[in-house]
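For reference, the structures are reproduced in the following blocks.
The following pair of complexes shares a single chain, chain A, combined with chain B in the former and chain C in the latter.
Here is the complex of A and B:
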């Protein structure tokens, strides 16, 4: 067990025992070694269920609005999760004093798909983490050791705030910056080189396989609307028919709703069963918001998000940029 | 059982031959390596190796969106138009045993009740299924827990087993026999048959059952704490249902303008909050607890009571797709042991 895991369990047990929080949102062992499951710990004696490893990928802030009325919540928060909590605080989805942000310095989460080589099965594998950040994957066919740093999720590799920017205490030493932090928009550089027509063709091909299961939306902490435009029957903004242009409309509108609010946690893309690179839409809009408004989402609970307000000196692309 | 062998180097020419008479659908690799079943072109590659595809062939029987009728004109002179019936027979290649069994479960629902579904029925009648035995399970697989096996032949017309440089092909129906008639395949030798059998046995051995499906059917309870345990973390998306080869629920809607439009049905799921919301606003399944309970109870209790078999064939796609690790194998293990 890692030191951090011990600290997490002890902190959770103490907060519950002292009655400081009603529930601790963390991770417990998943059904397989390369998954964890969101855990809702309500009793100090259950804190031993909490785990910390390279598969604690879920953004648990998604549960904050759902737990309204459950009492004070302790949220185990990686850098991205903490930023989501900030967004929710800014938007009054949770009161600042109703959430205890237990910041966890994060070295990035592993992309479980990259544990296997193409066509290889992860059925029944065992995974042993090494102190050096390695993962030894063992199956009936043999074993091999991988470096977690080599198989990180892209959003983690490009993460700019892996040590939580806001926390009510950091459970561990600040983590070294992630290797791609200096160039977070590398992920969309290739797309930006395409002409508008090529980009349209790219998205059309990607979204053609969208199932409209809404896993992206449901996994997103910022998509907390009780009634999404996509589900409205009267008026109906979007057809329920699964067609590439309707799918595009859903994803485009969702992306605009998230401009200046998305923290780049990448849960939408991870949750997508069709591996559609949805978060690229959000990342492009993140760049727009940074360039136009000098604003980065999820860092300051007191800041006013640019698309939630109007200032006379806001840049007006129609007026100033033709 | 009668069987032939086909050299792998001859697969392409056999598929070309089929294309002359049939619409041929097979697993193909789309962008990002998402393997799904699409109509094959004359020169297109067929992916007959690798793990069970992420999407099942279900969408070729109940499409994600399907026109039920078109309407033209205005109220005084309205005309209705039925959707076109299939004009060519279809052959689907590389069908996994779980997915073929899943179609027999869809038959229960769409063809064995008092009202039958003609759109589904027409597609079933005009489609032949060429199976491919799984050599190794994908990580979420559990076919052996629900009465299946990686090489089950139920619902298939032919079953391919990969023998390295060639396929052993078991002939399971007359419709299957027609697909290889005249192709000049050599009869399988005893050695081929034993090799195929050994491979099937090895694949079964890799997959010990996770739960006892019979016991589960008796133990699915309305008020069990297990539902809340999993519902707490369930995000209410439709990834499990939309990838499931037996989930079949749909919504019916109209897309219309002033002078016409279409009535279509599209996939829907009991996991969505709106699924049971009535016109006047009442929703009998108020929370995710009722919705999680419904999906499991439907597959492992209600359908068992109605048709004597589960509405699940253990393909494991829901297990792998769930963003919050609600692993159906674990849920059923808990139900069986009345845990949580």
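Here is the complex of A and C:
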């Protein structure tokens, strides 16, 4: 058990015992070694169920709007989760004093699929995270140690705020900056080098696979609308049919609704059963919003998201390079 | 009989207070402009949800024009300021999705600018005509599925 895990359990138990919070949102062991499950801890004696390892990948901020009225909530937050919480505070989905952000400096989460393709069968193995960021994988064929940094999720390699920017206390020392943080938009720029026709072909090929299961929407902390345009019958924006052009519209609108709000936690893409590179859509909008409005989502609870406001001296479309 | 020549169809979202009145004046002034636009009157350019534009392309229209009052002239004081943030962003985002930039035009036309309305409509029609029809994605365009399934394991 790592020191951080001990600190998390102790902090959770203390907050619950002192009655400071009604529930602690964290992670508990999943049913297989490379998975964790969200845990809702309501009693101090249950705090021992909490775990912290390289598989604590869910963005737990997604539960904050759903727990409105449950009392004060302590949220175990990686850098991305903390930014999501800030977005929710900005948009009045949760009151600032109703959430305690327990910031966890994060070294990145392991991509279970990449772990599987690195020669490890994920069934019948035991995975023990080492303190130095290594993972010891023990199976019937013996034991092997892998570097977690080699099998990180892409969103984690590109993460710019792995140490929470906003927190009510940091559990542990600030984490070193992630290697890809200097160039988070390289994949977007690569797509932009293609012609519009090639890009259209690329996106059609990707979005044709969509099942419209809406897992991306459900996993997203910023997609909290009680009534989503995709579900509406009047007006009916989208057919229920899993047709190619309907899929295209769903993804275009979903991404645009997150413009200036998406913190790049990448949960949409991780939740996608069809491996659609959804975050390439969000990243493009993230970069544009930074360039146009000088705004980075999820860093300032008092800021107004850029598409919810304006300046009289905004660039005019006549001068738009288009 | 020869196949009818393709003509672009463009949806024009015109704000009630300026651009729609500008279009009306263009008509009563007997100005001629291409008949390729289908006008949708909206209360304000700020009423135009980028979803409307996406919907137009989903339905297979070839281009979209969004026109409103000049900044500072908005009947609701600030609707067009919001539009000015979101529409250019939507334009670039749709370009990223593969919709050529010339298919969407966002501009200002006041109630007195009937000549300008005719000009904007001509420009956008010509731009879209050059780009050709917008091909909406249906399964008919998707690659055929393999008829035989390859064995997954040796």
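The rule is simple: the second predicted complex is superposed on the first by the 309 of 322 C-alpha atoms of A that agree within 3 Å, B and C clash if a C-alpha of one lies under 4 Å from a C-alpha of the other, contacts with A are read in each partner's own complex, and residues count from 1 in each chain.
As a convention for this text, contacts are C-beta pairs under 8 Å (C-beta built on N, C-alpha and C of every residue); 3 or more make two chains touch, one makes a residue touch a chain.
All values reported here derive from a predicted model rather than from experimental measurement.
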item	value
Which superposed partner A:302 touches (first chain B, second chain C, both, neither)	neither
Chain B versus chain C as contact partner of A:32, first or second or both or neither	first
Partner chain in contact with A:234 - chain B first, chain C second, else both or neither	neither
Which superposed partner A:253 touches (first chain B, second chain C, both, neither)	second
First (chain B), second (chain C), both or neither touched by A:189	neither
Chain B versus chain C as contact partner of A:243, first or second or both or neither	both
Shared chain A contacts, counted only where both chain B and chain C touch the same residue	243
Chain B residues touching chain A - in the complex, by the definition given at the top	30-34, 36, 49-51, 54, 64-65, 136-139, 141, 206-207, 232-233, 235-239, 241-243, 251, 253, 255, 264, 266-269, 272, 274, 317, 319, 321, 323-327, 329-330
Touch list for chain A against partner chain B, complex	30-32, 35-38, 40, 58, 62-63, 118-119, 121-125, 140, 205-206, 209, 211-215, 217-219, 231, 239-243, 267, 270-271, 273-277
Residues of chain C defined as touching chain A within the complex	50-51, 54-55, 58, 71-72, 78, 81-82, 84-101, 106-108, 136-139, 141-142
Touching residues (chain side chain A, partner chain C) in the complex	188, 191-192, 196-204, 208, 229, 237, 243-246, 248-249, 252-253, 255-256, 259, 281, 284-285, 288-289, 292-293, 306-307, 309-312, 314-318, 320, 322
